[in-house]
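Here's a structure for you.
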Amino acid sequence: MQLKKILPLAALAVALPTLGMAQEAEAVAEAAPDVLETVAALNTEMVFIMNSLLFLIGGFLVFFMAAGFCMLETGLVRSKNATMQATKNVALFSLAAIAYFIVGFNLMYPGDWVIEGWLGGISPTVLEPVGVELADVDDVEYASIGSDFIFQLMFCAAVASIVSGAVAERIKLWPFLIFVVILTGIIYPIQASWSWGEGFLDEMGFSDFAGSSIVHAAGGWAALAGVLVLGARYGKYGKDGKITVMPGSNLPLATLGMFILWLGWFGFNGGSQLAMGTISDVADVSRIFANTNTAASGGAVAALILSTVLYKKPDLTMVLNGALAGLVSITAEPLTPSLGAATLIGAVGGVIVVFTVPLLDKLKIDDVVGAIPVHLFAGLWGTMAVPLTNSDASFGTQFVGMALIGAFMFAASLVVWLILKAVMGIRVSDEDQVTGLDKTEMGMEAYPEFGNT
Amino acid sequence: MQLKKILPLAALAVALPTLGMAQEAEAVAEAAPDVLETVAALNTEMVFIMNSLLFLIGGFLVFFMAAGFCMLETGLVRSKNATMQATKNVALFSLAAIAYFIVGFNLMYPGDWVIEGWLGGISPTVLEPVGVELADVDDVEYASIGSDFIFQLMFCAAVASIVSGAVAERIKLWPFLIFVVILTGIIYPIQASWSWGEGFLDEMGFSDFAGSSIVHAAGGWAALAGVLVLGARYGKYGKDGKITVMPGSNLPLATLGMFILWLGWFGFNGGSQLAMGTISDVADVSRIFANTNTAASGGAVAALILSTVLYKKPDLTMVLNGALAGLVSITAEPLTPSLGAATLIGAVGGVIVVFTVPLLDKLKIDDVVGAIPVHLFAGLWGTMAVPLTNSDASFGTQFVGMALIGAFMFAASLVVWLILKAVMGIRVSDEDQVTGLDKTEMGMEAYPEFGNT
Amino acid sequence: MQLKKILPLAALAVALPTLGMAQEAEAVAEAAPDVLETVAALNTEMVFIMNSLLFLIGGFLVFFMAAGFCMLETGLVRSKNATMQATKNVALFSLAAIAYFIVGFNLMYPGDWVIEGWLGGISPTVLEPVGVELADVDDVEYASIGSDFIFQLMFCAAVASIVSGAVAERIKLWPFLIFVVILTGIIYPIQASWSWGEGFLDEMGFSDFAGSSIVHAAGGWAALAGVLVLGARYGKYGKDGKITVMPGSNLPLATLGMFILWLGWFGFNGGSQLAMGTISDVADVSRIFANTNTAASGGAVAALILSTVLYKKPDLTMVLNGALAGLVSITAEPLTPSLGAATLIGAVGGVIVVFTVPLLDKLKIDDVVGAIPVHLFAGLWGTMAVPLTNSDASFGTQFVGMALIGAFMFAASLVVWLILKAVMGIRVSDEDQVTGLDKTEMGMEAYPEFGNT
């Protein structure tokens, strides 16, 4: 950091005591501008470095959520569809990464708007040049573009991961992946720009710290549209109203997925402070870590107790989804709540999951992993809970933001799903569903030696 | 960081060269107090930020150990109990998080003592206000409360995770969880305050850097009390002295758990330096990383070689537990040893595991995952090994601390276990153990499609 | 950080405004040398801290790659060999950690050369003393030795992990581990010192940022030598040219392994910037994160599309290896490419995998997990791709470096493998391969309750 400038000053510091007082004063006066400049530069550099570092740490943590979603979903599908589910998760992340750099990032953070506040322009992401210097950086109080890009990309990919779980076990690979490209390259970035790209929702005062609505409910809406267009898995809902339970094939793996998601959420919410270069920012990041963790705990405990009360026996999948719903619930405002409030906000999320998972089944909406209860319903709750602890937010604005995001995400997704259905078909045949997607679509079993019936 | 103060200085720096020498000297003299203040503030902020960041990174790494324990234990139980084991691990962490914020943290780090040095007071954790400033922070040389809280919480939860493995496959869910709440809310915080809350053990000079005794042996003592009250799994020890081997159902998952724990240990020991804002501190954290890693390696290699020598064939579970025992062994003093000494300290841990796992079986103490050899026995060894490389510690004081911690943790846990046994029963019936806890207690199988006999 | 020095200055700052102007000027003049020294020291400390922190974060991320390799390989072998594969992975990392500190690190970063530029000297690693101060640190612009050691160790261990996958399912445990000790203690460090220890390849201008050749192709060459000496698995290649497919037993686990490797690669490539204490360095680390991620995506997508086109159905193992090949390909130069170029460089890696996996089978080179296509072939491509985006590198020098590294790694490994074969035998008997290494060599099954035929 500016070492060239500092080293002569250090040499001067060594020389000074040997001079007389008058000479000394003169030397100091000469050196002063450099000292002042150096201190200011040091400060600027440090803020820039710490902010970038927050994005990088947040980035790799949220990246790992892709693995968390993959393990959760792969553990919750039947083993005959597990290879397909893993394939979808790796592919969706990879395609999101490419779509987001080619179109999404600059659409979401528009330098130039096509329609002011509503729609950005299209251009691929260009990083800062190699070895960028203080003087070259546009906004020196902020962070490196690369670190910001990597952090934001991970949020975009998470939206697609949410969809993947809900539509599992009967969607074809390629139409799903085409949907992912459109979702991550265009639909999500446009919507997210309204709030995080300094668009009209931001201007209105809509408050969604790390994305209960912008990311989680958004993904949930896209998933809901997909599930409705796609229909339920073959055999899930009998004509007599009988619901067939199709238990996940590997609950330990699903549990691992949940833990990885929880881990990643420290980056998801903590990184959304967007700055770590002052006492104030780092203390806020710390608050966010603590609140995020306790909200997840609240969600898990609430789901554990409630599922035991309702069904006599504790239900692991409810506990896992309860923790995740707690995390989604706190995501809109992880900073302002006290630890107690955060626990309660998370606990409500857990309660929502326990009540809405069976509700969806009653409505014959077949969401394989519970993505809609966790991400959509808890996301809506989290969005509306912001004004409870943050007096800068209002219920009215929260509702408007939540509704507009939902309307757009659902409608845009629905259109794309319907086109895909019309053009190429999105649903695997009933026979192939019975055989399993791994054999019919992939020709490759997830656990070829184990007795998957 | 204090940008408002620095920017006018920077402006002055630009203006200075245009002034005459006399004016310049005057301007500098006027600016000087600000420069001095700014430099001091910059330094303070940086130390605070770096220390907080260490806690945050350490926090998420140690958080992930909850997943590590869960995978290790779920992989080492039989598949008919795997859902239960996963449920316990998610629930224990969640309950620990809530108990620790409501009671534990302030009991452990008492602002006011109820009995000076022995017992703190009871009050929930209150984080710093949002957007706290330099001037508002109590102890500016330290770190944010939230970051400290999140880091310390993870240690508390680890104590409960240790217990969970030992009592697996025959303990009822709810009594176990009640024990966890008391352990993490009260028993552990009281004990830990003696050393880390500036209590009497700290005053005595007891030295346990990251908790070989305070966390690991403590958890091991609580586990031992539980195992004794609970009794062995049905069928484990025949009347004729025959020991039935009950192999773990998923060794790759257990291996993953071990790796995750090893990863988390970098945060566990490294974060326990408590500071990273000076060359000296960051170099010490680096020493700790290196020693922690090599001690784990020493434990794994020692267990690999010894198990091969003793039993003709290498034993993966011994290798996994050997690595963990190496980690536990170095935890009391990961800073002062050389790399060679750390390797040996860890290797002794690995040897302890290989000898004490069968010993417990001879004593009919049924520890499902080897938690007592790993955390208790290696923890005691680690505690007593401190004076070998740290001349500030003495064998006498180490022994006294170790013994008092052990006596309290064992006695307090025993009382709670006995009360739980008397009041609600803690043991699943033999018939239900044969069927498996997943079916009888949960109604949910971990691997429903795989042929678990 | 230098708080003792700064605090009196801060006191002076408070006192100054109360003095007259003359006294003030005098006081400032007296304080000036301290201010200058303090600012310089603050800057130096910060650079040192941030660089060390980069190594520590990079270190734990790359450590976790050991778990990634272990899960990938354990998921891709048949279940009858899974315990052995897990054992090998834990043991190889542990032995590498010990060998590298006893011999490797100082052989690779030689203070004194035995043969200048070609061969370092032998001595164990000694860390900085506890509580090292600014004045005691040799190279204050750099980072702590411990942090550098831990980071470099993880690269060394990765080389051994690469070998382990290729020779799986038929190699004996102990000869393999002896090979690992020689590889990580001697062969790799000598080779790596040529480039990263300021040896002759570095002087020549050979450019391999994070080790496409130095780490990945190097591991691939060692693996190839092993596979050739060892021969194919029993039953893999029929006399009539028939190739028996031996599918991996747990693809979700392999997928997890791939995700963990991808996560670790942020540390692998990002940490190889070696510095994070300036705007320029942290922005470069950010570029590297972004390029590393997009190259992996490019590799996965290319393998997905190409495998579908060639074989009609998408192949998950190709997608996993495609992503890894993308990561290996970008490793030689993750800094200079644009995002688009990084995507293409990674995509070529994915294409290489899809074409060379069947090619090896045609040549009857039995690489169980595809380590040679991923690490060797994509590593060579990555090395030769450097000049495409980095004008400081030349194709000629890249080729020479790549060839010399390859020749040495292959030859040295071959000699060791041949000696091990002659002295103790390295191959498990055909009968025992049929039964599985877990039963015959370990006496311990990975999934004892599941129907592994």
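Should a chain be cited, it is by its letter among A, B and C, assigned in written order, with residues numbered from 1 in that chain.
In this section, contacts are C-beta pairs under 8 Å (C-beta built on N, C-alpha and C of every residue); 3 or more make two chains touch, one makes a residue touch a chain.
Bear in mind that the values here come from a model prediction, so they are computed numbers and not experimental data.
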item	value
Homomeric contact subunit A-subunit C: same or different residue positions, threshold half	different
Degree value of the rotation bringing subunit B onto subunit C, based on Cα positions, nearest 5	120
Between subunit C and subunit A, distance of the C-alpha-averaged centres to the nearest whole Å	29
Set of subunit C residues in contact with two or more other chains	25, 28, 35, 39, 42, 46, 53, 57, 250, 256, 447, 450-451
Subunit A-touching residues of subunit C, taken from the complex the two chains share	25-26, 28-29, 32-37, 39-40, 42-43, 46-47, 50, 53, 57, 61, 78-79, 141, 247-252, 255-256, 258-260, 262-263, 266-267, 270, 276-280, 282-290, 293-294, 296-298, 300-301, 304, 311, 313-317, 319-320, 323, 335-336, 338-340, 343, 447, 450-453
Complex interface listing, subunit B residues touching subunit A	1-3, 6-7, 9-10, 12-14, 16-17, 21, 24-25, 28, 31, 35, 38-39, 42, 45-46, 48-49, 52-53, 55-57, 59-60, 63-64, 66-67, 70-71, 74-75, 82-83, 86-87, 89-91, 93-95, 97-98, 101, 124-128, 130-134, 137, 140, 144-147, 149-150, 153, 173, 250, 253, 256, 441-451
